[in-house]
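Next come two complexes, and both contain chain A; in the first it sits with chain B, in the second with chain C.
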Partner chain A sequence: MKEKFLALLTCIFIALSTTGFIYAQWNDIITVSNTMEFGHLTLRFVYPLTCWDIDDATKDVGKLNCDYTDPDPIEGYETLVVTATNAYPGYEAHCDFTLKNIGALTEHITEVIIIPGTGLEVGETYFDTNNNPIGWRLDNAVTHQPVLYVYVYKDTDLSLICISLDSGETLQGKMTVQVTDNAEECQTYSFTVEMNYEQVTYP
Partner chain B sequence: MSRNSIAILTVLLAVFTILNIFRPGGLMAYLVPSICWATLALTTLYLTGGLEKISSWTNRRITLMALLAAAFQIFILIDAGLITKFGKSPVSFTPTGITLNLMLVSSTLLGMELSRGYLTKNLNRKNPTLTLAAITILYTSINVSISALINFQDPLTYTKYMGENFLPTLTENLLATYLAFMSGPLASLAYRAPLQAFQWFSPILPDLSWGYKALIGVMTPTIGFIAINMATTQKDLRKAGLPTPKRPALRPRKGQSSVKGWLAISVFLVLTVWTSTGLLGFYPTIIASGSMRPTMDVGDIALVIPADPTKIQVGDIIQFWNREEMILHRVIYIGGEGSARYFQTQGDDNPTPDPDPVLPAQIRGKLILTVPKLGWVSIYVKTAITTVWTFLSTNITITYAILTTIILTTSIYAIHAYKKRPYKHWPRRRW
Partner chain C sequence: MNINKFSAIFMTLAIVLSIAGYTYAHWTDIIRINGTIKMAHILIDIKSEKVLMSRTVKKYYNSSVCYEVSPDLHTLEIYSKNLGPCWYIWVGLVMQNQGTLSGKIKTPVYSFEPSDGWGDHFETKEYFYGPYPENTGFGTLEVWGKVEIDKQLKKDGTVTFTTPSTPTPFTLNPTEKAVIWIWIHCKADLPPSAQGQIITLYVNIVDDVDI
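Entry: the complex of A and B
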């Protein structure tokens, strides 16, 4: 009986191995996302986090909300959520966020991921002088008209990509959100920001 | 407790303290821990009496089973990754990176496992259960973040942490300690080294949700523990320093045939993996749409071999990447010359050609053989898994209840199996 049970388990295991691999080949499930947890390499958003807008005094209706989600049990958060409410063409807001290497080894940011919220899609990407992505245009997913410009950077023209952080080190990042002239009045736009990172081994 | 045990415990706690207080940057982030763990390893070796003594503890059969338990865990991880997804490892694969990681991982493993082996073999031999529990807790607390355990945030985050980090670490350490108890540090190294090697030196890793991590992290070491416990023979017990009765209390076990069976399964699985990933020169692919009817139907398996784009002709069926999807369609027209060469494709059952031309860089290979219907098994399994996963992810309360039940049942089963261990008849005997 025990042998039969073990044989059955083995068969299921083999079947899963085979089908899993073959199905992965078909569906291209193997994506290079680089966002998995790894004990010694972890980059997280931490506080302080501040947001403000440059609102036209005559309009003064737009508001930018920034907050972190997906808390890490050890420290910090995985995701930065940005929501611009009552936004109008020309509305501009800023956000200062903080990143911290809570792992034990030096790491650097390899990718800034902007995940558009409902009704938005990523359009064009803009690059800094080192050819690293620094800005993203978010378009209306239906009309494909540009509605938002999002810039994530360290300094005005320097992307966060390739910046190294030692264990425990923090990095102040900046974000600027601009509503384009094509956007509709009084709309709410949201998107999230995540970071990919990898180990740095040079001194 | 002997003076040697106290010395090793002191060095171990000193290493733990140093690594938690000082967090150096750059190269020192590798050098300081490596030196600390290497010091512990050397201290243990010195106090133990050298490699000869450690070798005398080793049981080759149990060490081999430890290696197989690690292989089993890695296979399960890969399987789970295929059901969910893989991600690129964040670890550096430059020569410097590999060297530094190798130094860090090997010194950490040696320090941990040599000291674990010594302490397991020498601490409180009167009560092995207490020794195993104490050493498991000690090494678990070194590997996990105590602050995360104490700083209770919200129930979900805490549950995630327990499932993702604490429980898998605890179970892995339990098995490692048991192996060290039965066969010394080489067995626990044989179990932990492949797992660490997979994490640190595999360029892609399964990107698992915390639920999968919890299940696999707890269940696979538990299965390994049960399997090794079941396969333990009277000879193994004598080798581990445990007394055996003149008349065996348990029926003889078929340890050798079990190992052969495991080996056969492992070889088969390796071949399966190689076949599936194209390492043997061809790629099997399941047909998931009817666009190539009647040549190929849904559920057929197509075998594709790598092909030189310059040798592909009109009428050939080629497999190519289209955005993030792999497509298998027939070439109906070839345009351009040299590097500007492109292919127009169309499914046999499609009324119109594919909108985008296929460039040579997109082509994976050419169809050589179709095996009818064999892929339905996979499609049914995938559909069933997707259905279950959708149900579980939309009914989070039921998911928690199932996870809790599985973890509890596994734990109870493991405790039950442990209680039935062969040497339970001498729990209080002085060895």
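Entry: the complex of A and C
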């Protein structure tokens, strides 16, 4: 009787363990693998880039050089450097540059500001019809006399601000620098124009 | 209990807002334009000078002359004594454009100190030669090297150089040199009141940017 009970218990145990094993064999896990890559927001200077000054066709006294620096590992450059040497009162430097949205998101320039170099201060700011800044008068910080006029714009009267750029799209920009009669001999005048940009958010 | 709920909501809002701000900051960026304007300069220096007085003038007027170029090489200061009617000297300069811009050399401007009418009693003539390249040997140049007063430079203010003078204005490019000869002459009608007077004559070689 005792053996019968042990045999029955053993059978039940084996049956249950087999059932569990089968149950385990017929279970599985499914996984949803979702790799999400966020879009990046990058505006860069790209070629073509052209510069000229007003005396190129006559005596070519002033020398103008412009180029991009701080290359982006993907494409383009972060900074445009414009250097004029041997400038004189009445000298004008022009630069046509290209901006490209190398990111994946639509973006636009939200702000263009100028940071005067040593010895200069912003005397006046000029705006387009949309009330966005397109130019600045930089004065001598001591005498307060106008020294340079700097303009950064898309067209003659329009700012670069608020122009949406889709991914891969380019935008032509222009910069003009005029030297006034108050500029002093042997001086070096410098400035930085910062263009802030952000993603275009749709409502 | 209410205080705990309020604290929880407040903390949640603070965390959410800070994350939102952090995220927003990551989605804006800046590109820059760096501009530099290096200004030119115009600078015409006196590289060499001659002040010639004839033996006749020295002897007849007992006149003497001494001169020096200012340390900045811009001014020739001449001190003359015992001037009288028909007194004259010849002043020569070699000028060089040491600037970075072309200069336009114009006719000299003369001024007197004191300025009360002394200009009417003097007459001047000037002759420009050049421009010459920087490496020109001026020692052998007809208009500079062996110039003698009363030979090539006449007492009546004329010159006998075979080299033609350069009409003003003319352009003096950077590093180029030019020669100027100036005849300064007291007119015969010098008033008696001039006796004992000390006057200063300034000769300004006017240069301007030639763009």
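By our rule, the second predicted complex is superposed on the first by the 131 of 203 C-alpha atoms of A that agree within 3 Å, B and C clash if a C-alpha of one lies under 4 Å from a C-alpha of the other, contacts with A are read in each partner's own complex, and residues count from 1 in each chain.
The working rule: contacts are C-beta pairs under 8 Å (C-beta built on N, C-alpha and C of every residue); 3 or more make two chains touch, one makes a residue touch a chain.
Here the structure is a predicted model, which means the values were calculated and not measured.
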In the superposed arrangement, which partner chain does A:Leu41 touch: chain B (first), chain C (second), both, or neither? both
Classify the contacts of A:Glu198 with the two partner chains as first (chain B alone), second (chain C alone), both, or neither. both
Of the two partner chains, chain B (first) and chain C (second), which one does A:Ala104 touch, if any: first, second, both, or neither? first
Per the contact definition in the header, classify A:Ile74: touching chain B only (first), chain C only (second), both, or neither. first
Answer with first, second, both or neither: which of chain B and chain C does A:Cys162 touch in the superposed model? neither
A:Tyr189 in the overlay: touching chain B, chain C, both, or neither? Say first, second, both or neither. second
On chain A, what residues does chain B touch that chain C touches as well? 41, 196-199
Chain A partner, complex, touching residues on chain B are 19, 23-27, 29-30, 33, 75-76, 78-79, 82-92, 94, 96-97, 100-101, 145, 147-148, 151, 153-154, 157-158, 160-161, 164-165, 199, 204-208, 265, 268-269, 272-273, 276-278, 283-286, 288, 301, 321, 324-326, 375, 377-378, 381-382
The residues of chain C that touch chain A in their complex are 27-42, 100-102, 209, 211
Along chain A, where are the residues that touch chain C in the complex? 41-45, 55, 58-59, 61-62, 78-90, 93, 97, 99, 110, 117, 148, 150, 152, 175, 177, 179, 183-199
Please name which positions on chain A make contact with chain B in the complex. 10, 13-38, 41, 71-74, 104-107, 166-169, 196-203
